[in-house]
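Going by the order they are written in, the chains are A, B, C and D; count residues from 1 in each one.
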Amino acid sequence: MKETNAAYIQAGDLVLLSGKDRREFMIKMIPGLQFQTHHGVLEHDDLIGQRWGATIKTHLGYTYLLLPPSLEQLVRGIRRTTQIVYPKEIGYLLMKMNIGPGTRVVEAGTGSGGLTLALARMVGPEGRVYSYEMREDIQALARKNLTRVGLANTVTFTLRDIHEGFDERDVDALFLDVREPWYYLAQAHTALKGGGFFGAVLPTTNQVSALLRGLETAPFGFVEVEELLLRAYKPTPARLRPQDRMIAHTGYLIFARALLRE
Amino acid sequence: MKETNAAYIQAGDLVLLSGKDRREFMIKMIPGLQFQTHHGVLEHDDLIGQRWGATIKTHLGYTYLLLPPSLEQLVRGIRRTTQIVYPKEIGYLLMKMNIGPGTRVVEAGTGSGGLTLALARMVGPEGRVYSYEMREDIQALARKNLTRVGLANTVTFTLRDIHEGFDERDVDALFLDVREPWYYLAQAHTALKGGGFFGAVLPTTNQVSALLRGLETAPFGFVEVEELLLRAYKPTPARLRPQDRMIAHTGYLIFARALLRE
Amino acid sequence: MKETNAAYIQAGDLVLLSGKDRREFMIKMIPGLQFQTHHGVLEHDDLIGQRWGATIKTHLGYTYLLLPPSLEQLVRGIRRTTQIVYPKEIGYLLMKMNIGPGTRVVEAGTGSGGLTLALARMVGPEGRVYSYEMREDIQALARKNLTRVGLANTVTFTLRDIHEGFDERDVDALFLDVREPWYYLAQAHTALKGGGFFGAVLPTTNQVSALLRGLETAPFGFVEVEELLLRAYKPTPARLRPQDRMIAHTGYLIFARALLRE
Amino acid sequence: MKETNAAYIQAGDLVLLSGKDRREFMIKMIPGLQFQTHHGVLEHDDLIGQRWGATIKTHLGYTYLLLPPSLEQLVRGIRRTTQIVYPKEIGYLLMKMNIGPGTRVVEAGTGSGGLTLALARMVGPEGRVYSYEMREDIQALARKNLTRVGLANTVTFTLRDIHEGFDERDVDALFLDVREPWYYLAQAHTALKGGGFFGAVLPTTNQVSALLRGLETAPFGFVEVEELLLRAYKPTPARLRPQDRMIAHTGYLIFARALLRE
């Protein structure tokens, strides 16, 4: 993803089109292309050069607002066939696992690529994401999702059963989003540098217990289990109150540090 | 902060010393210096060149583990005289406000510099943090905290009552951590690019209502109010359960987008 | 509601019919009556004398389980045109306001009668519920709901704008489930005995602030504001985890004690 | 506990003495007795006949407010050597297990008697609480706590390892607050009437899984697992916000219904 500091939309930028009907579309600006909505057609060339935040009309007169997408919107907007890691968990694991510009991070499985996308955005051109997946069709989807937002170059995609191990050594961080992560702790440890950051997300308490048992017998320390709850409010100043419903569970986060073998 | 991909501690690196007494220290490796603990003395030169994750003994024989600190630990570890924005909120606002490598972001007030540190780490050398503060002593503390972790170069510190406005234009994102943010919405809007990301954190519902009223009358849209709850578990596989107590409130997050004036 | 200690269904009992299609019906056993479902007909006389927990077949061969309803199911099962107080809040306010056998409690407004039903059940034949409502149609609905479960005798229904005050004096407890409870604090105080329990439920933070302001200027003390969150789990032993979604907000509870005027 | 509908304190009443130092005492009014505080002496005879809500001075001139205690305060105020079930869980289980005037309920273990007290208060003189405990010293403490509030008459205390079973049959409800409730499900089922209410509270997810496994193989149905979170707010109208800290975990509640053996 090209980072634009400028106030104007440029070729290659991702643009979030926001309509009055509250439907949103994410498109990448490519000169010469057209974007078709059921409200009419937009020419990319007409969007390029517009100020961010401007409105534009389709040939049928329907108005769209042109917004830069947030990373949260990019993650939510990917095409998916698998459960994704949610933005609130991603933001928190970035902080806990020290993932930022320059970080080398391993991830498995790739899945639809939601977390991959966020990691790639955050490690930047100086960092690297190594993403492992067993199923070819899923990997293809993730690659498409990353390519669409211009971040595929930051990622090394590998098709493999991680039981065979990871190719990298001394990586800063490694995250497992697989059903039975306790089977791959030796492999994870081999890939991580000393003191490196291990993370995982799991939906059930039984899986958390199984992973904790695994971490106890492997050279890991500083184990933590946490969960995050997000509550949205109705943004009405005179009637401020939480929304009626919320997502109650998106998974338990488990963090640990790789210790050196004695 | 210098990002080290290597498995060995280098001069300039920040090292988290973790003792068996569960006390931790954060020190920056500077050749020739000594670090004094009540358990004895460590020579920086003896730490430089060690593997990350190794243990080292003081001259009195007390053992410390050498770990790379996480961004969460860096933020928690700053010296502070003010309330800081918590890591869970920071991680989430990075996602919601699209703050990553290359982003130009304005922040006020600087406070003790916890958020400043995280923003500086995340925007990287290609990005920039513009941080405003009214009180000189607080700004000095923040600058010290940022210098200590090697991130001060990424930040432009300005001492000013933001009622007078911000110097920047067309920034990607702007975050207000001040008591009465509703008084500075015009200034914030002037600094933001079209569609740019506005964020704020506030402790009371009354302040949230006041800010929402302000946002309604200013050219902002897509307003959201959210709160995050973090629940830690005891990481015991056979007796998995939440910790007895938790922090129940660290503030409400408010997000909006700058709209162009018509 | 007749309390049956016996193991057999008797005339006058409320029976929860639970079908395999997970649909449930609540019916009161009245000799000679029939109950029609889309799965066929049941004769009350065939149910009376059955063991609780037994199954019975309709004339079409569809099976229903015969269960004693819980108070939670009775409250959830009432016909309603208004928002009801939720069972979790009701249970908690019983504890906080000391409502049990023998209590005299005032309530306004009656609404659909969900809270009225629970109060009537809990104060028992030695206690009394005084329930005020302004709208005749709503009161009629509540009376019907209470009659259906055999609890109407415990309740004195009054049709009145409570601005005119309550008829009772020295009641043990008084609960306001109205939009602007701060307008009726003098009336509430006049009805309560010294040290008596005041309670209210409100959906928005602005209303809570308004009520707190009212309580500060009236002779009330020991003010508390609380909210309860209920999280359900999937009851699968090998995959224990919270349900995906939950109700995020059912209202803020406010409690106080009536102080004597000096 | 004698229920007083009157506005005046009578012999036998429980009085909550509330001092300006925010210390509170619970005393039962017994003519002729004295109550000693470090702020001076109070004669019960001087309190009897006072209005509820009145203030009274010790012989040293220190002022106490005379309040009727809530059931929540009574439960919190018991002397305890064991973990108690919290008022929020008690209120909810009353609703879910249909415990009110006239109910016959079995409980094990008695523990310090917090839940016993609440059950005894709620079933009233027409109901009955059968409470089982294995340890004599703990039972003695519970009996003392119940006697102190005048509720011991409603309770049948039995000293027994419940592995040997319960004496009652066809009870309406049965609650297990023991470490390994899954070992006593057959005994519980034998005591419950058809469709009767089973409940338990457990601190860890592993115990919940074990109980769920037990309930799957025994004749129970309609199994539910729930947890309640209570968040208190600072009751300041102009600065309404949650308290900084909260109790994050008081246990998981498990509910089920006894089915008839086929």
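Following the convention adopted for this analysis, a contact is a pair of C-beta atoms (placed from the backbone, for glycine too) under 8 Å apart; a residue touches a chain by one contact, two chains touch by 3 or more.
Since the structure is predicted, the reported quantities are computational estimates derived from the model, not experimental observations.
*Asks:* Once you count every C-beta pair in contact for both, which comes out on top, C-D or B-D?
*Replies:* C-D
*Asks:* Compare the two sides of the chain A and chain C interface and say whether they are made mostly of the same residue numbers, over half shared, or of different ones.
*Replies:* Looking at both copies, the contact residues mostly coincide.
*Asks:* Which angle of rotation, from 0 to 180°, maps the CA atoms of chain A onto the equivalent atoms of chain B, to the nearest 5?
*Replies:* 180
*Asks:* List the centre-to-centre spacing of chain C and chain D in whole Å, with centres computed as mean CA coordinates.
*Replies:* Averaging C-alpha atoms per chain gives centres 21 Å apart.
*Asks:* When the centre of a chain is set as the mean of its C-alpha atoms, what distance in Å lies between chain B and chain D?
*Replies:* Chain centres of chain B and chain D, defined by C-alpha means, are spaced 45 Å apart.
*Asks:* Residues of chain A touching 2+ other chains?
*Replies:* Within chain A, the residues that touch at least two other chains are 205-206, 208-209, 231-232, 238, 240.
*Asks:* Show which residues of chain D lie in contact with chain A when the two form their complex.
*Replies:* On the chain D side, the touching residues are 205-206, 208-209.
*Asks:* Where on chain D does chain B make contact in their complex?
*Replies:* My answer: residues 203-206, 231-232, 238-249.
*Asks:* Given the complex with chain A, which residues does chain B contribute to the contact?
*Replies:* 3, 5-7, 18, 51-54, 65-72, 75, 87-88, 90-98, 100-104, 118, 121-127, 169-170, 172, 193-197, 205, 208-210, 212-213, 216, 222-238, 240, 252, 254, 257-260
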